[in-house]
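Two complexes come next, and they have one chain in common, chain A, joined by chain B in the first and chain C in the second.
Showing the complex of A and B:
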C-alpha cells in the first residue's frame, strides 16, 4: 500500500517550548492509525500540521501527494477533519442545515448531498433530530454530527482529534464501530485518542513522547497480552516502554513487520 | 462562487433565527442617523437635510460592512465555527466576500426602511436609478475597504477592538455632515484616503441632479483607491494566514 501521509523530520516549537522534535511519521492507504501520548505531548500539533492548519518550523509534510505546507487548501477537499472543539458547528442551525451548508461548500452536488446527509444522519441515529438546532444537542450528538460533517464530501482520509472524549459507552462503541467500518471500506483513519480500550483490532498505535514518535505497535498485539489494557497503556504513555510480555514489537520491529 | 453563495445562505439562515434582530435593523439606523439629519433642518433648507442624509446613510453602510466583513473573522472565531471554514476549501477572501453579500442584502433592507421613516418625517430623497447604482458601487468598494480592515485585524488582533472608533473616525473625516473642503489641509489629506469620502460626494452630486461629468473623476479616483485597498488587503490576508499557521492561532481571539 502506498503512503498517503508522510511526515519527515518535523520540528515545531511554540516560543521556547519544543513540542515536536524531528518527527518522522507515515500512514499507508487503508491504515487505521491512532496517535497516543500524554496531555501536551504534541499529538494535536502533529495532526494540525498534517492537515495544514499549522506550519512546521522545519521538515516536510506530504498528504495524498500534496505538499501540505504550500497547498493546504487543495488538500482540504480530499480530507475530512474532526477537531475536539464542539463549537466547530453552527449551533444556531439545525443538523440538516449544517450538513447542507458544508456539503455545498465542499462542492457536493445537491442530489448526492441530500442522499449522503440522510445516510450519515441515519447511521448515527440523528435523522429524527435533523431539524433541531445543534445548540439543543447533547455532547455525544454534536460529536456524531461533527463526524457526519467531516464525511459529507466522501474524503480519502479522515483525521480525528479526541472524538471519543465525552461519549457514553454505547456511543463510544458506536463511533469506533462506524470508523472501523469505514476503514474496512477503504477510508484511511488517523485518530488521536485517550480512550484506548475499545479501538479496532486492525488499528496501529503510535506513541508520541518527548516530541518524537517513540514507538509504533499493532493494537491487537498489546491487547492480547496479560494485563488490563489501561494499565499497559498508562505505563506505555508515561514511561515510553512496557514489559516485553505486554508488547510484541519495538518501533523498528514494527516497521520491519509492516 | 458557489462557496460564497453557500456561506451567504448560512449567514442569512442564522439571521432568520433571530426574529427581533430584523426589527432592530429596520429601526436603529433611523434613530442613529436621525439626529444628524434633523439637526440640519434647523436652518430650514431641505436640501441640506437631504445632503446630510445621503452622507449619514452611506456612512451607515460602511458601519455595517465594518461589522459584517471587517469583523467577520472575529465573530466566527468567537463562536468557534471559523475553524470549520478554515479547514474547508474556502479561501479567506471567499469567506469575506460571502460576508459582504450578506451585508449588502442587510444594507438594502436597512436602507429601504430608513428611507420610509425619513420620508414619513418629511425628509424626502428623490430616488432614481443612479441612486441604486451608487448603492451597488458603495457595496463593492466598501467591501474592498472592509477586506483591508478585516485582513489588518486578522494580522493584528488588537486592531479589531477599535472597529467602532474607526467607523466614527471615517464618518466624520469623510464628510458625512460637513463637506471635506471645510476641513484643514492636513485633515483633508486623510479624508481623501477614505473611499467613503468619494461615495458621499458622488451621492450628493446625484441628489443635486448634476451632470455625470462632475463626478466621473471622483468615480475614477474611488475605483483606483478601492482596488488599491483590495490588493493590499489580499496581500495582508496571505501574510496573516501564514502568520496564524505558524503560531497556530486559528481558534484564539
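Showing the complex of A and C:
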C-alpha cells in the first residue's frame, strides 16, 4: 500500500516550548492509525500540521502527494477533518442545513449532496432528527454529525481529534464501529484518542512522547492476560514501553523507535 | 466563489434563526432618522446648519444628514465584520473555517454579503426619504451612478477593514483601536459635515478612508453637493482606492492565515 501521509523530521515549538522534535510518521492507504500520548504531548499539534492548520518550524509534510505546507487549501477538499471543538457546526441550524452548507462549501453537486446527506444521517442514526437544531443535540449526536460533516465530500482520509471524549459507553462503541466500518470500506483514518480500551482490532497505535513518535504497535498486540488494558496503556503512555508479557502477538514489521 | 456563497448562506440561515436581529433591523431606519431630526433641529437653532450651506452647496441639510446616516449604516457593517471574526476566534470556530477550501477573497465576500443585504433593506426607507427631499435634482442616471459609487466604495472599505483587522491582531490593544477608529470615522469621514471644514491635518487623514470619497460622490449624484475634487478625478481616486484596499485586504488576510498557521489560534 502506498503512503498517503508522510511526515518527515517535523519540529514545532510555541515560544520556548518545543512540542514536536524531529517527528517521522507515515500512514499507508487503508490504515486505521491511532495517535496516543499524554495531555500536552503534541498529538493535536501533529494532527493540525498534517491537515495544514499549523506550519511546522522545520520538516516536510506530504498528504496524498500534496505539499501541505504550500497547498493546504488544495488538500482540504480531499480530506475530512473532525476537530475537537463542537463549535465547528452551526448550532442554530438543523443537522440537514449544516450538512447541506458544508457539502456546498466542499463542492458536492446538489443532487449527489442530498443523497449523501440522507445516507450519512441514516448510517449514524440521525435521520429522524435531521430537522432539529444542533443546539438541541446531545454531545454524542453532535459528534456523530461532525463525522457526517467531515465525510460529506467523500474524502480519502479522515483525520479525527478526540472524537470519543465525552461519549457514553454505547455511543463510544457505536462511533468506533462506524469508523471501523468506514475503514474496512477503504477510508484511511488517522485518529487521536485517549479512549483506548475499545479501538478496532485493525488499528495501529503510535505513541507520541517527548516530542517524538517513540513506538508503533498493532492495537491487537497490546493485550494482557495479567492486567486490565487500561493499566497496560497507562504504563505505555507514561513510560514509553510495555512489558513483553503484555504483548500477546508478534510485533514483526513494527518499529520500536525508543 | 460557489463555496463562499454557501458560507454566506450559513450566515443568512443563522441570522434568520436569531429573530431578534431582524426585529432590530425593522427599527433601524427609525432609530437612524430620529437623531438626524434632532441634529437638524438643534443645528438650525444654533446656526450650525447655516454654517454648512456654503460648504455643501445645498440648503437641504436634513437630506444631507439622512444620506450620511444611511451610508454610515454600510460602514458600520464593516466594523461588525471585524467583531464577528474576533467572536469566531474566541469560540474556536475560525480554525474550522480556515480549513475550508475557500480563498481569502471568498471569505471576505461571504462575511460581507449578509451584512450588506441586511443594511440595504434597513436603509431603503432612509434613502427613499432622502430622495423625496431632493426630487428637484434626482434623475435615474444620477441614482445609478450613486449606487455604483456606493458599491465601489464599500468594496474598497471592506478591503480597508480587513487590512485593519490583520494589523490589529498583531497587538493586544487591537479591539480598542478598532473602537476608536469606528467612533471617530463618522466625524472625520463626512457623515455630519463636509470634510472640507475639518482642520487641514484631519482633512488629509480623512482622504485615507475610502468611505470619505464614497459618501462625497454619492451625495453629489443624489443632491448635487460640492465634491472634494473634480468628479472625474474623484471617481478615479475611488476606483484606485477600491483596488488598492481590496488587494491589501486580501494580503492582510493571507498574512493573518499564515500567522495563525505558525502560532496557532492561541497565538493571538
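Note that in this section the second predicted complex is superposed on the first by the 245 of 258 C-alpha atoms of A that agree within 3 Å, B and C clash if a C-alpha of one lies under 4 Å from a C-alpha of the other, contacts with A are read in each partner's own complex, and residues count from 1 in each chain.
The working rule: a contact is a pair of C-beta atoms (placed from the backbone, for glycine too) under 8 Å apart; a residue touches a chain by one contact, two chains touch by 3 or more.
Just so it is clear, the model here is predicted, and its values are computed rather than measured.
Asker: Please tell me, clash or fit, for chain B and chain C sharing chain A in the overlay.
Answerer: Because the two structures are overlaid on the shared chain, the partners are seen to clash.
Asker: Using the superposition on chain A described above, determine whether A:13 touches chain B (first), chain C (second), both, or neither.
Answerer: In the superposed model, A:13 contacts neither chain B nor chain C.
Asker: I'd like to know which partner A:105 touches here: chain B for first, chain C for second, both or neither.
Answerer: In the superposition, A:105 touches chain B and chain C alike.
Asker: Do any residues of chain A touch both chain B and chain C, and if so, which are they?
Answerer: Residues common to the chain A contacts of chain C and of chain B are 14, 45, 48, 51-55, 72-74, 76-77, 81, 83, 85, 87-88, 90, 92-93, 97, 101-102, 104-107, 133, listed in rising order.
Asker: Please give the residue numbers of chain A that touch chain C in the complex, ascending.
Answerer: 14, 45, 48, 51-55, 72-74, 76-77, 81, 83, 85, 87-88, 90, 92-93, 97, 101-102, 104-107, 133
Asker: Mind listing the chain B positions that touch chain A in their complex?
Answerer: Residues 2-3, 5-7, 9-10, 13-14, 17, 79-81, 83-91, 242, 245-248, 250-251 of chain B touch chain A in their complex.
Asker: What residues of chain C sit close enough to touch chain A in their complex?
Answerer: Checking each residue of chain C against chain A gives 2-3, 5-7, 9-10, 13-14, 17-18, 91-93, 95-96, 98-103, 258, 260-264, 266-267.
Asker: For the complex, which residues does chain A have touching chain B?
Answerer: Where chain A meets chain B, its residues are 14, 45, 48, 51-55, 72-74, 76-77, 81, 83, 85-93, 97, 101-102, 104-107, 133, 149.
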